[in-house]
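The structure that follows is given in the form of structure tokens.
Each chain carries a letter (A, B, C, D, E and F) given by its place in the written order, and its residues are counted from 1.
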Amino acid sequence: MGMIDISNKPIVRRTAKAAGKIRLSASTIEEIRAGTIRKGDPLAVAELSAISGAKQTAALIPFCHQIPLDTVSEEFEIINAREIMVTCIVKTRAGTGVEMEALVGVTMALNTIWDMVKYLEKDEQGQYPDTRMTDIRVLHKEKIE
Amino acid sequence: MGMIDISNKPIVRRTAKAAGKIRLSASTIEEIRAGTIRKGDPLAVAELSAISGAKQTAALIPFCHQIPLDTVSEEFEIINAREIMVTCIVKTRAGTGVEMEALVGVTMALNTIWDMVKYLEKDEQGQYPDTRMTDIRVLHKEKIE
Amino acid sequence: MGMIDISNKPIVRRTAKAAGKIRLSASTIEEIRAGTIRKGDPLAVAELSAISGAKQTAALIPFCHQIPLDTVSEEFEIINAREIMVTCIVKTRAGTGVEMEALVGVTMALNTIWDMVKYLEKDEQGQYPDTRMTDIRVLHKEKIE
Amino acid sequence: MGMIDISNKPIVRRTAKAAGKIRLSASTIEEIRAGTIRKGDPLAVAELSAISGAKQTAALIPFCHQIPLDTVSEEFEIINAREIMVTCIVKTRAGTGVEMEALVGVTMALNTIWDMVKYLEKDEQGQYPDTRMTDIRVLHKEKIE
Amino acid sequence: MGMIDISNKPIVRRTAKAAGKIRLSASTIEEIRAGTIRKGDPLAVAELSAISGAKQTAALIPFCHQIPLDTVSEEFEIINAREIMVTCIVKTRAGTGVEMEALVGVTMALNTIWDMVKYLEKDEQGQYPDTRMTDIRVLHKEKIE
Amino acid sequence: MGMIDISNKPIVRRTAKAAGKIRLSASTIEEIRAGTIRKGDPLAVAELSAISGAKQTAALIPFCHQIPLDTVSEEFEIINAREIMVTCIVKTRAGTGVEMEALVGVTMALNTIWDMVKYLEKDEQGQYPDTRMTDIRVLHKEKIE
């Protein structure tokens, strides 16, 4: 039945928080910490990609509604020698929730980190044996009516 | 140092194959098999989202080049009672590789599956305790010079 | 005088319904009924194209306003041996009407059906002697103040 | 099977020409001739919408390839007291044809003309009893190998 | 800290007015006045580019919010033998100001004028020794609470 | 005559270099140097906006062709106590030049810098008495046949 009809849903405050991880080689994580990645700071670039992606969710996911976001914020944490955790919080005043916007924010951030460090992650055959995006999930969503 | 200069790279045939999984509740998987999902067939809608996303990669990942894709193809497999595997193959004739396009294809497909079944995955508090996108990776890339 | 100033128009419920037809060869219609079109189900793909197009109306028609749509729904009916009718209903809460969004929905659906069956509609010279999109119109629009 | 694989198709010169009509009230046609339409010249605005739409075809029709267009040109003719004919020619050097680009050009031009004159076409109930887009077709396509 | 959180800002009427100039050769200005520019009227085309750009501001400037514009209007004035002044007024009902939308409108208009007359502005070496966009500024902004 | 027909132009290497300046208050320049701007580093964010804008030129300027860019690079220099100079170099292999892409890169970078520091540039009445984008020009273009 396609796109849900939200014409009878009230405009209320809504928040969603999603997260996900990317697993990289230890030496790549070291270079990120050291600030020596060739194309620039992967986490700064990923933040912009996440915000841009979240704002474009309705153009990317077929049945999503166009939702004007009050804010999109990203946090990045190197949680161990091999993994970076990305968290994305989205807020709106709208008739439907924003968990898809938060998930698009997280996945675009992770994709962008991959793009920034791919020259370090490729093996001699040009393959990515160990690079992974994992554990992408919605941590929390709520509405305040 | 930003966007890599590919002006001296020859235009050659390139292929990339990426994959990823989404973990859903067993009852949601049953409904997908039975064709009873309210908004329509999640895998058919996800396929279009993947193709659309892959074609827009240069607008989504800041330092990616605009690459005209010769094809984008998606495969979906229910690999067990709780998981769907998405595989995306991208081909081009271009000066740089298309693994990011394949990864964007996979992640947009997974996000769209989530959107299609989210009414079944939410618990009584409106949260998603068990839904996960995992193990997103590049299976293979090659160029034929 | 370009884009109309709607800053003094109240935000009210608005609906618009548009329709249009595509004329195909009888054998193509048979294949659509039989589900044997090579690229997939033309009507399912057309539905997504219609929704996506309707949401992007302000980017496609120069003086249209950005309107957050509460829903876009499409219906497809094979009305005779040669014609498919597409109907698109759009709802919003906004300061101006959504008939252009409904018309963009219809025309994008018709264009997509054409794309899906074009290998069947071309004659031996690669031309389309009989394929037509016709009778595209606004069936109804209303606002509830 | 989704998006056709064109990786083995040679890059050749291709042209497509499409056309379509919009039927308006005689008084609207008079105002277009007289240059008194409130928002500006509908045909000049429609030309830009057609070019912009044609360039975005791959983002609008799910299985279309991204094709760099060498030119898009539009012609407008008031063919009788009630009808305007729009013709769109698209040229490229690519691995697949551009008839969909030409059709998107025509349909976006027609939609934009509608938008420009809708204040004249609406009746007292705000409906459009007589406005129609009709006879949208591909006049010719060819490739020069 | 990225994108400002406007979730506690009330939705109020807001207006912004920006302006800027382009300096061209005297003969180009003469041709614009005479209506003999090859690609069409630069000011009419620039107006559409300005409106389209202003509506897409949130996709162009990373931390800008998606703001539904109530109107975008452009004025063009040939202020002397060498310069055209572009003024852009944007109105909205939103939680944050629209001066960036007005500035994007002005800069896109100026870029489009450049594009329309570039064949006249280039010297024999294909360079643009004298063409300039200058003095782009916000003339006024206000909110009415 | 609208969009130029480039179907007979050979695909050759092309480069364009554009530049422009933004004038800010001396204290804002000091904060940029000190790295204390609230939303982040304006120059890093402006770089991404420039690249993204340059890649979208054909969607922003009506008669521009879709050109696959081999690279876009930006340089930022604080040239005195009140001004930042932005330089953008674009390279391609295409049938037409890329000076418009370079100019869009520069103007989007300048707009983004403005957005990043606007809280510092506004006076007590919320106006921008001294902020200016100036002297935007094409420094050089060439093709290598």
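Assume a contact is a pair of C-beta atoms (placed from the backbone, for glycine too) under 8 Å apart; a residue touches a chain by one contact, two chains touch by 3 or more.
Just so it is clear, the model here is predicted, and its values are computed rather than measured.
> Have a look at A-E, B-C or D-E and name the one that copies the A-C interface, over half of its contact pairs being the same.
Interface equivalent to A-C, from the options A-E, B-C or D-E: A-E.
> Would you mind pulling out the distance in Å between where the CA atoms of subunit C average out and where those of subunit D do?
Comparing mean C-alpha positions, subunit D is 14 Å from subunit C.
> Any idea how many Å lie between the Cα centroids of subunit C and subunit E?
Here subunit C and subunit E have centroids separated by 32 Å.
> Could you pull out the residues of subunit D that touch at least 2 other chains?
Only 1-4, 40, 45, 48, 52, 56, 62-63, 66, 68 qualify.
> By the document's touch definition, which label belongs to this structure's chain graph: line, ring, star, complete, or other?
other
> Between which chains is there touch?
Touch list across chains, by label: A-B, A-C, A-E, A-F, B-C, B-D, B-F, C-D, C-E, D-E, D-F, E-F.
> Which residues of subunit F touch subunit D in their complex?
1-7, 58-59, 62-63, 65-68, 94-95
> In their shared complex, at which residues does subunit D touch subunit F?
For subunit D paired with subunit F, touching residues are 13, 47-48, 51-52, 55-56, 66, 68-74, 91-93.
> Which residues of subunit B touch subunit A in their complex?
Going through subunit B, the ones touching subunit A are 1-4, 20, 38-40, 45, 48-49, 52-53, 56, 60-64, 97, 99-100, 103-104, 107-108, 110-112, 114-116, 118, 126-128, 131-138, 140-142.
> State the interface residues of subunit D toward subunit E in the complex, per the touch definition above.
Of all residues in subunit D, those touching subunit E are 40-41, 44-45, 48, 52.
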